[in-house]
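You will see chain A twice below: alongside chain B first, and alongside chain C after that.
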Partner chain A sequence: MAESNNQDLVTLTVDGMTTSVPQGTLVIEAARQVGVMIPHFCYHPKLTPDANCRMCLVEIEKLPRLQTSCSTKVAEGMVVKSNVPHVDEARKSVLEFILANHPLDCPVCDQGGRCDLQDFSHQYTPTTSRFTELKRVFPKEYFSPLIETQMNRCVQCMRCVRYCDQVMDVKALAPSGRGTLTEIKHFSAHELDCEFCGGCVQICPVGAITSRLSMYDFRPWMLKRTDTICTYCGDGCHITIQKKQDELIEVNSTQGVGRNNGDLCARGFFGYHASVHPDRIMHPLIKQQDGRFAQATWEEALELVAEKFQGIKTAFGGNAFGGLVTSRCTNEELYLFQKFMRGVLGSNRVDSSARFGHVNGTLPLLSVQGTHRWTATFEDIVDADALLLIGTNITETNPITGLKVKQAVKQGHAILVTMESLLPARGTISNITLLATHHLPVRPDHYHIAIVGLIKSVLDNGLVDPGLETRAPEFFRAIKAAIDSTSWAHIEEVSGVSREVFSQSAHAFSSSTRGMIIVGQGVLRSPRGAEMVTNLLDFLILTGRHGQPGCGLCPLAEENNDQGAIEMGATAEFLPGPIAIGHHDTRQALSKLWEVDLPQEPASSLMEMFRDAQAGQVKAMYIVGENPVESLPQTGKIKEALESLEFLVCQELFLTETAQLADVVLPACSYVEKDGTFTNTEGMVQPVRQAIDPIGESRPDWEIFSALSVVMDQPMEYGEARDIFKEIRSVIPGYGLVGPVATRPTPKVDVVQQYLQEGFAHGLATRYVCTQDQPASDTPFLLASTQSLFHSGKFSTRSKGLLQIQSSGAIMLNPSDAKKLGIASGDSVCVSNAHGAVTTIARVLNRIPPDVACFPEHFDQDIRCLFELHIDKESHVPYSKLTWVRLERVEKGDV
Partner chain B sequence: MLAEKYQDHIADLLARYPVKRSALLPLLNLAQKEEGYVSESAMKEIAEILDLTPPQVYETATFYTMFNMNPIGKFHVQICKSLMCGLVGSDPLIQWVQQRLGVGPGQTTSDRLFTLSVVECLGSCGTGPMMQVNDDYYERLSEERVGRIFDELKETGNSSLKSGPFMVPEPISR
Partner chain C sequence: MKFGEWVKTLIFYEILMGMKATLTHLLHYKPITLQYPHEKKPLPPNYRGMLALLRYDDETEKCVGCDLCEAACPSRVIQVYSAEVPGEPTKRYAKEYYMDMTRCLFCGQCVDACPVDALGMTQEFEWAVYDKRNLQLNKQQLLAIGDRAFPVREKRIEFQHPNVAYFNVSFGDIPQKDA
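Let's turn to the complex of A and B:
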């Protein structure tokens, strides 16, 4: 509802009850507040009123005829009657009309038991009808592999169509035809091709659009619900998992609940079967002499691990251990893992998948402003008046944050500046750059120079915060000098964006009062990620937006608990907090609490561990839920490193390439089988709850750490995940669980001060220097490994629902490049460079920029051999998302 | 491809409206003129020109009954079935035409010459029964006259029995 302040309250009476509501409230909402539920089909709080179903009629005194309460706004002194006989009569008539064409096939309808039409019919209509005419019958048409339509049941409320347009901005649904014969279709008889967010399934008040994943499998009253958090990205959507006995039936979300406020993406809505894939590891496995795995009991496996760990610790000391954990784990597990590594094994070699990019956001935030979290929330995105999106195809990586951006632009009229490689072309999924007020099309390897261009525009156009030069003269002068060393000609030439567009964008952003920068994988997972984020913080400071309410720089977390991994101390440089690893007081406090001496050796991160493993210094590794052999390119020699270990333990759901190298594999539970908390991208700590029993003999990761510590005689014992959370709260006072909105930390004044005085100088010699990677003439295409909307890492590729939408990778390229190379969608294409050659299928897409090719990372098993590995000197992030290749057509595809 | 063939015309259409999307109906008309019906490829192209999705174009095209969503024959025969024509015998005439052409409403003859449609009032109530073939009206129809019209159309592509051109109603003659 429209926001307004208390002065604009309007008082009205609904069925004799008086209430005050903000001006602009709709009568139907005002009635809800006093407990009067007005029946409706076409109204939905997310959508603009359409008033097409006439079900919500009420009497309003002094107004002729009955009024639709879903489109009438309250007025002072209004007297609304919903429970008078002629209102009842009118609603009955409306229902009679709707039912005149309804098949009344409730016994075979999946909506039966939770259908608005069924409920209202019970409430209002007699069991007979005056209509004797034949009912409308639509021929049954196939709609899509995941979504079923049964148009005879449609009440033509257009909620699905409006949702797909207004909220999703996908516009994939068309009411075709007219009148009674209006039918919801995609495009003619074509199968639905869209974002598959499931929104239309959820918003349809009747059984006209349903999910095929659970078709005919259940009745709503058989379902047992569990409220939990989605595991597929950092947005942290609230989902309700519905099961029948121990069978997963469906996932839904609830309007008004969770950070997603009832919206989901395809991964959340259709991806829930990954956990119950038949390939799940059911028992502990121990590798035999012959290299094959044999099934073992938990006792045998844990004892073997404990014995080996003890032996290695005695022989080589704690520093011989390395530990890597996935940030898909809960906070409790991440906390316990680092406690196990540091406290039990005595090693400072701890890292998590937050290393793959999220640290590039956190480290600069900490050093510039002293916060490790966003200083804004999703609500601030919606309320922003200017949003700057950099290097993020937000719809595909963080779809729900993307919806907040769409809402800000479409409803709040925020200015949107996008700096993205995607071109603003319409496709079957939405494209955020189409909503941009200013779009800067920048190749994926040119974000750095484009950011420099943006800052240069601020300086050159006099857009600098007026007080800054006096407040922080050294900072101002140093940044200016650093920026001045790059010329406009160079910026324009490399980035391909004109000076004018830069300055329009800079103007647009600095004329805002609530300006936010949202940074995505294009920056965080590319070389110089941390430098770019620091530079963007400089941009915020220069424009005077830094530290202002509703402003801030927000790095998007890719994995569901990237943020938690850092806060729990599951990265090399941090103890829980996150507090710097060397912080004396924290070390002492932890030593005391854990009753151990903390290791003194310098911390080592992911890539250093592998390096040291190859050098023989790391003897054993404990890898939880990560698959570095597959996620890092061959040139990183990860496999060689792991093979040189004396002992490798993997804790996994599936026998991944990495797990196959292990000496012992411990079967772990997925997110639907355990309790705990996840911390989402905006720093909101949310409860994860167990929905089904553990698959096979698998156990939650925390339980395994705990059991292992007991066998090793250094017990970390907890009865349940909640006990660990209590300990976390004693280490990080007040951690998490405080109300429905994430807390917004404000930048620490002393840290910012320190940064402006001297901190800025750190790395200044290099971080504004624009370098340029020239493609070799024989490998002219920049190949980017990108995230798809329909998958999350490799985990989701075990979900039968998502595989129906996307089951393989394809090399995506621009039509003009395709034409030049004589390539069409469906053709086999050879992608090659000095590292090898791979044949794959081509897909021609308007939104891919020229000279760029994209391939979804979820299916990169073969193609990843073409990528190289670069390690960030500062943040130690391994980069392997970009490479140069050439493309050739091999064979014509069948069209 | 409409965009290449009618570049100037489309530019002119787009220039007429403050919102691009408003040019949707004129463009659908253009597409129908071009191919006799609104083809899928035309809808996709229009979507691209107007920055809409194909489903959005499809929605509008299917709302208007005068857009043909399937290929039609060379001559689109639209016979009025509204009340006024009904009173002067359009029903039996429609039956007769169906037999003569061997197709029902919405169908096209196998030689792809005639598509039969039965439509609502075409505004020629004083001279019923009547029909419209492509852009021409034929009025005061009888089985014999319709037969002749079809023959002539088949042979010459034109028929002498068509009405008009006229700008004002015919004078009433007694």
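Let's turn to the complex of A and C:
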């Protein structure tokens, strides 16, 4: 979908105004460009024209009868008239027809006040109708817990049906019946079961489909809007929070704004209540002698923390502190946290939740091509002609990036290769593997060997970039030698994918000119994640796509500011930039700016911190918004490590398991209560704005760091979040200075050259070696802790809207396995291995592959005990997403 | 000058005409001052007095909580908190309704705005109070005023007009919305 050049422009006149628009533009769009708003219901820029509402009739000279401007394309010399009397007459008649059946219940309709039909009625119709017949009345049906339909109000524009099909690819809605008796229904006999993206609610021009969550709580004119960024995944969607006084009413997004262009997912649309959950910590808490928390004032709490920190610093030095921050904080807070840890406390033990996987994507990118960001943008995904998705069920983990992929495939006819454990089975939510040209069904622990297979077919089929062998002979020979040590027989046997499928996929990818690889949590959060990403970069280099425009490797961020955490230096190995922690000049510059000496001790990452805490070297920890006790399995002995600390400070929204171990708990603000910036997965820095006043006595995280530093006599004082951002800009020149579209960095030539000459050799001895984890005979099932579309982390499980869609975890099984075990959906299942046994509910799903069981990580409190903790030797990432288990059916009576 | 005009000038005719009303009262003396509160003047039927919330004949509140009165009010007297009727899913009503009568200028725009004629203006005007807080009225107080001022109530019809189709009726097959 390349931009049209000047030769394709067509000149036309709309209501006397002459304009030039690209060929193929619809008349309604051309009119909008000159400021003529043609009334419409069924037209929407995202959807294909349907011309069913007949509202957009205009007169076009030399054409008989009035034409629908939403389906007529512009032509040279066209003269369009939209304000002549007989066009007005026609609109009046159309509205009279629509209003013949539309109930006059505007006073109780949530759309009343922002309803297209209401506005057009005021503009075009007389207040009386010639229809004396009774209005049609549909029997009211229960639709779903979150989406409410009132079909009497429907104008049958089919926008919702087309959106659900064309944009979301869910196909949950359909028209049923004929003529005026057409109503929008969902296919199933029971209540609506779909992705709950809220798109139908947003796109409905009248009040036929509304949100049940905020029903009757507001009238549109009461709402105050705040444009901010969603916090539920790395996509960085633009959301508009609508509030009435200090009450969150609804969230929506405007078409044409932000990276998501108005599309949202269930988390963004229905998940906003988490911030105002009644369990929020309202006041600072100090633990008493008896182990209970007592409410304290900010002064008491901060003075206690400062006093303890000073004591420990004097007694044991700065290296006795450990700091962990969540990547859900803003850039300003992440920057200030690492400045506090490094500058005020003097410790190099700083880490963030980017450690849980995102560093596995960033570290290889830095070492191979010298960039820490994507070399492509969301627009490049849409424009790509080949996409390789590895280890990501993208529609569930990053739904809006998923929409770009869907758009590329459905509208741009891109070739889509998916390497994913899920099977292409149609379900209630969309499944990206269904759109795939080539699907490689690979078990979640076999991504590594499948990537090796893909590279091997590139080498074996002669798909290597012709210039590469002469440009980098050592690299080519070394990779070939490393790959050749694995035989096709072995690859086919382990991965379960045939050699032909590998070569077809490799052919498909290497025949493209704009090829992108999108890597998800299946790779980043599983053992050997960094190695797999390096291998995929080798694959890009071998196919000659590396460094080409619109090509690149894109690791998907799980948390909204994973990328920002790395760029702000809130990880062990980086200073802000991200610049390696040992970089002399940067250290000098930072010392000068912060007016402190940076600590010299070696940096230690998350897991090393816990190890050292248990060994007694770390005496105090400052944990901001993270809950390692719950997010890591018991075998990691996190709780023991935290209990052995002398002093633990937690800064939290809720009293989590980790916060319960703390000596002092400081109440922090959620994203709706503070200002700042988030950096999304593609490296776009976007502003976050305060929508409501802080809940209780909570304060934004940066304010707490700042206040604490003042009490500790090493003040880092800022008036507002923007001042911190100015300091970030002085450290990272031009940070966040991006235009309407993220500027894409290009791989640094010298780094790539260095990698091709000698850098590739680092880790080459191990990174192509295929190991195989054989299941023990008594634990034949691979249990994967997976993400779910309806939740993100543990924050969303506090949102009442999302809990209505999914309120508990269930172990998901393939039908064939379920049949073998005699399990049906809803049965109790005992999941056990050497670490323990847990009873849970089964859910049989077609898309789960055989011999694999999946459990949503958001509800894994009980099942977490079955997982083991592995720590990556290179990137120190803790892995705990896969384990081997045995499944047995439990009779109801046994439970 | 004509004779007639000469006579008028002589007897100060214009002044007499101007004083006619005054002089008439001098002859037929009747006091105009009412001895309030012992005497009260009859009010016109469209008198815009104290506001009140009304009920249907079956004691149900007329108000559907549409907030249009709040929007229409020029001096921000009204505050409406709408919600779903407990036990009657999808039916809208005003859970809370407040009027700050200290600000009201009795323009009657709220009454005009009401789509269900749930607001009425009574003939009450004796609302002088010692404490201004007593003029902050809630829904119960406003309904009570309506009850005493409008003893004859409108009949409630589920389907108010065949051409309106459904209007604010409850549907038993829909679960109640979470609070």
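Definition applied: the second predicted complex is superposed on the first by the 885 of 895 C-alpha atoms of A that agree within 3 Å, B and C clash if a C-alpha of one lies under 4 Å from a C-alpha of the other, contacts with A are read in each partner's own complex, and residues count from 1 in each chain.
The criterion applied here is as follows: a contact is a pair of C-beta atoms (placed from the backbone, for glycine too) under 8 Å apart; a residue touches a chain by one contact, two chains touch by 3 or more.
Here the structure is a predicted model, which is why all the values come from computation and not from measurement.
A simple residue count on chain A separates chain B from chain C, and the partner touching more is C. In the superposition on chain A, contact is made by A:145 with chain C only, not with chain B.
Contact with neither chain B nor chain C is seen for A:477 once the two complexes are overlaid on the shared chain.
Of the two partner chains, chain C is the only one touched by A:135; chain B is not.
Of the two partner chains placed by superposition, A:762 touches none, neither chain B nor chain C. Touch criterion met: A:222 reaches chain C, while chain B stays clear of it.
In the superposed pair of complexes, A:800 makes contact with chain C only, with no contact to chain B.
By the document's definition of touching, of the two partners only chain C reaches A:107; chain B does not. Overlap of the chain B and chain C interfaces on chain A: none, as no residue is touched by both. Note for the complex: chain B touches chain A at residues 40, 43, 47-48, 51-56, 58-59, 62-63, 65, 69.
Within the complex formed with chain A, the residues of chain C that make contact are 64-68, 71, 82-84, 90, 92, 115-116, 162-168, 171, 173-175, 177-178.
Here chain A touches chain B in the complex through residues 170-178, 185-188, 426, 434, going by the rule given at the top. Across the interface of their complex, chain C is touched by residues 101, 103-108, 112, 129, 131-132, 134-137, 140-142, 145, 148, 152, 212, 215-217, 219, 221-222, 800, 804 of chain A.
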